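Presented sequentially are two complexes of chain A, the first with chain B as partner and the second with chain C.
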Partner chain A sequence: MIELRNVTKLYGRVIGVNDFTLTLEPGAYGLLGPNGSGKSTLLNLITGQLRPTLGTVRVLGESPRNNARLFRRMGYCPGSEGLYANVSGYEWVRYLLRLHGLSSQRATSAAGEALELVGMSHAMHRSIASYSRGMRQRTKLAQALAHDPELLILDEPFNGFDPVGRHELTCVLRDWIGFGKSLIFASHLLHEIESITQSFLLICGGRLLASGTAEEVHAMMAGLPNEVALRSTEPHALAALLLRERAADSVRVVDGCVTVATQHPARLYDRLPGWLAETGLEVTEMHSADESLQALFNSLMKMHRGEL
Partner chain B sequence: MTGNVAAVFLFEWRRALTLPRMAWWALLAAFPAFIIALIRFTALSSPPRDLWAGTLYALVPMLVSMLGTLLWATPAVSSELERRSWVYLAVRPHGGVAVLLGKYLGAVTWVVSTALVGLTMAVLIADSDDGWRLWWTMARLACLACPAYGAVYLLIGTVLPRRAMVLAVAYTLIFELVVGLIPAVVNKLTVQYRLRALLVEWCDLEIPGGRQSGALALIGDAPPWQHIVILMFLTAGLLFAATLVLRWSEFASSAETDV
Partner chain C sequence: MLFFAWLPALWFGMGFFLWEQAALYPEWRQTLRPFLQSMPETPEFEGIRESVRTGNLEASRHAVWAWLLQTFFRYPQGVLMVMVVGLIFPPLISQDIRSRAFLLYFSRPLTRTEYLVGKLASLWAYLSMVSVAPALALYALGVLLSPNLSVIGATWDLPLRIIAASGVLILPTTVLALCLSSLTQESRYAGFAWFAVWILGWFTYGAATTADAFNSQQYAAFDGRGKMVILEESAWTHLSLYHTLGRVQRWVFGFADFGDVRVSTLILISVTAVSLAILYRRISAPMRV
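Presenting the complex of A and B:
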């Protein structure tokens, strides 16, 4: 479906995408990466908005640059807003469908159907200026879906959604995948992608760091240093306990919070309740300080550079 | 492709029917009439026909056509980029080119309508003996000027969308208004030269010093059909160049795409 060979995109001296090689078969994929990681550049290359500085991009077997035939088979919902304020959502989607080459009659019905699909039928004749952010996101999604493309590309489509809207749109996208259509879904939030698909592409610093299922990504992380933060009434005593029990590679105490670096977090989670019961120490709060996606990417970047 | 251009043209016209844009349209149309009224009602004697011709030419084919197309055609691409709506249009089959040409047609028809209404009011106020002939000459000149200037500004706006308005104003002031008045071969490259030559021919204006004088370099001695053909080819060539530039350009920048 998508093939990138040694693709590099430079913006002057800034690297957007760096030596990216990737082959994707038809299906649904989550493109996961922190802000500024190169996701949007990659999507712009795939949708033909950008020309690679080096390498080649093929989408559905064709070069995407200025390719009218390919654009008929592709739907794109970019991350930026870019809607006209003084027209209604219906007029805008219908206009884009007309621009897509649909007849006036077909564009009229397809625009209505797409807006209904994303839950915008009640407000589709209102001016876009009056829409909430979530409504604008729904309208953006409608224009990408309306011409029934084979491949749907979404860049941060859940931005601005409330939990209900997020759930509704998740169902729409799951149904979409269920019809055998292909999807590429870019986000910087793991749970957003996990709710849609289990196939991940992890991108950071313009590089493809890892790909596979969520389990495969977690397996890759086994054995890498993890940080656990514990809040206690006696942080120094807790720190001493963890060092004595060899549960930590290093310990840092700041403002009553003990941050523990360990390569074996599971062992720590297992044994900590027993140690606390024996010593009478209290832990009021515990979380993995390293759970953020950025930490995962930092570790993957270090692996990529051979530093780990 | 034609259907796509028509879709953009109609959409742009619908979007243009807002109060601020209509106010601009009315202001631009009223300006020639206002200036002609000032001349007519403050002059001690009835101005000669050549003065009306020169003034109407300066007001309609020059000012209204230039200013109107500069305002509407130049930002064809930059307005979409600033609004970040370009990408929605560019991922449609032939979307970019359809938007460019649809907006161009929208701008030209918008300005031609302004020019013709303004011209009609101005000629009525001038109340010249030769009013009908003046109207017909200026109307033809406006119908040639608007597409030509529109194509010039469209190309400028496509080549450098981020600085389009500044460059379009600079082009107008330096090239059309200064270089166009230099009695040398270089002025033949301007739209002004062609329009001026047609004005002299169609209005039978007298050339100061006669045809043997240096003033001939400002109007040339080519027949009108040649000027018309050159203007039409120039317009088509500029539009073609704008579409080529558009197809080559990358408008999704790093700033716009969050890298």
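Presenting the complex of A and C:
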């Protein structure tokens, strides 16, 4: 479906995407990376908005650059605003569908259906200027879906959504995938992608760090030290307990918080309640310091540089 | 503004009416005096004066109609064009760049050329409403006010000249306008640049021409006595896009030889080509850093 071969994109002296080689078969993929990691640049290369400085990009067997024909088969929801404030969402989607070559009658019905699908039917005749950020995002999504493309590309589609909206959009996208359509969507939040697909592309610093399912990524991370933060009323006693039980490779106590580095976090999670019950120590807060995506990227970057 | 754009046509329609009435009724010829005084004292217009003196007005019908139409294009419609374009064009591309709406446009089966032609066409439509349509209506009014339909035979080429003059007016100006719009994300800067091009060009030209006339002792241009200075013929014409357009339109309506407007034509073609090249480059890669 998508093939990138040694693709590099330079913005002057700044690297947007760095020597990216990737082949994706039809399916659903989450493009995961922190802000500024090159996700949007990659999507803009895939949609032909940007020309690669080096390398080649092929989408559905064709070069996407200035390839108007290819866009009959693709839908794109960019991360940026892109809407005119002085028209209604319905008019805007309909106008874009007319640009797509749909007849007036077909564009009218398709615009209405797409806006209904994304939950905008109640406000679609209002001016876009009066829309909330989530409503604008829904309208952008509607225009991407409205012509029923084979491949849907979404850049940070959940931006501006409330939890209910996120759930609704998740359902829409799951249904979309269920119809056998392909999807690539970018996000910097792991759980957003996990709620829709299990296939990840991890990108950071313009480089593809890892790809595969969540299990594959976690398996790849096994054996690397994980950090767990525990807050206790007696942090030094807790630190001593963890070292005595050989549950930690290293322990750091700062401001009542014990940060534990361990290669076996599952064992720690399993046995900690028993140890606390035996010793009478209290833990008021516990979270994995490595839970954040940035930490995962840091580890992957260290692996990439050969530091781990 | 589109409504007001048609009002000058009524005024010029009066000119057609007076000329045709004078052709039919000799007593109406007195009313042509102010009309004749406003004509430049050049050989092209001497024929018109002569035809009035001899009473053979039909011989000069084509020249008078062409002159009325050229004046109509040159003054009210030229100024209106600057204002209409200045009001409409600034956000046409700059807004798409600022909001990144081009990402939505170009994720459609729409080529850059189609996008460009679409944007230009919206300006062409408005400008046609202030140039081609009222000018053709003016011509039709002239025909209707004529004693008989034989005038069509004598003036058949004027509608074609109107379309050509509109092309001269519309093409370079719309391409330049969109070029300015594509160069910025702020519509107001594009609007400012547009009016600056016309106003600064006009004043620079005016100042240079005035200084020239003063140095060459052509005071007559200013007090209305003696020979009129034909401002379009000034060596400084090309400082002003407005006057450069005027020169080429004079040729289109048959009041100048092509040799006289060769440089002006070349300038307009250059402005169009350079603006188009910049415009195309900007919309080909709007995300270029």
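By our rule, the second predicted complex is superposed on the first by the 308 of 308 C-alpha atoms of A that agree within 3 Å, B and C clash if a C-alpha of one lies under 4 Å from a C-alpha of the other, contacts with A are read in each partner's own complex, and residues count from 1 in each chain.
Simple rule for what comes next: contacts are C-beta pairs under 8 Å (C-beta built on N, C-alpha and C of every residue); 3 or more make two chains touch, one makes a residue touch a chain.
Please read all numbers here as calculations on a predicted model, not as lab measurements.
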Superposition on chain A - do chain B and chain C clash or fit: clash
Partner chain(s) touched by A:51 [first = chain B, second = chain C, both, neither]: both
Which of chain B and chain C A:191 touches, first, second, both or neither: neither
Which superposed partner A:244 touches (first chain B, second chain C, both, neither): neither
Contacts of A:125 with chain B and chain C, given as first, second, both or neither: neither
Touching partner for A:36 - first (chain B), second (chain C), both, neither: first
Touching partner for A:86 - first (chain B), second (chain C), both, neither: first
Comparing the two partners chain B and chain C, which touches a greater set of residues in chain A: B
Shared chain A contacts, counted only where both chain B and chain C touch the same residue: 11, 14, 44, 47-51, 66, 68-69, 71-72, 74, 76, 78, 80-84, 96, 99-101, 143
For the chain B and chain A complex, residues of the former touching the latter: 3-4, 7-8, 11, 14-15, 18, 83-96, 98-99, 247, 250-254, 256-259
Of chain A, residues touching chain C in the complex: 11-12, 14, 44, 47-51, 66, 68-72, 74-76, 78, 80-84, 96, 99-101, 140, 143-144
Chain C to chain A touching residues, read off their complex: 95, 99-101, 103-112, 114, 284-285, 287, 289
Chain B partner contacts - residues on chain A that touch it in the complex: 11, 14, 16, 35-41, 43-44, 47-51, 66, 68-69, 71-72, 74, 76, 78-84, 86-87, 91, 95-96, 98-101, 143, 206
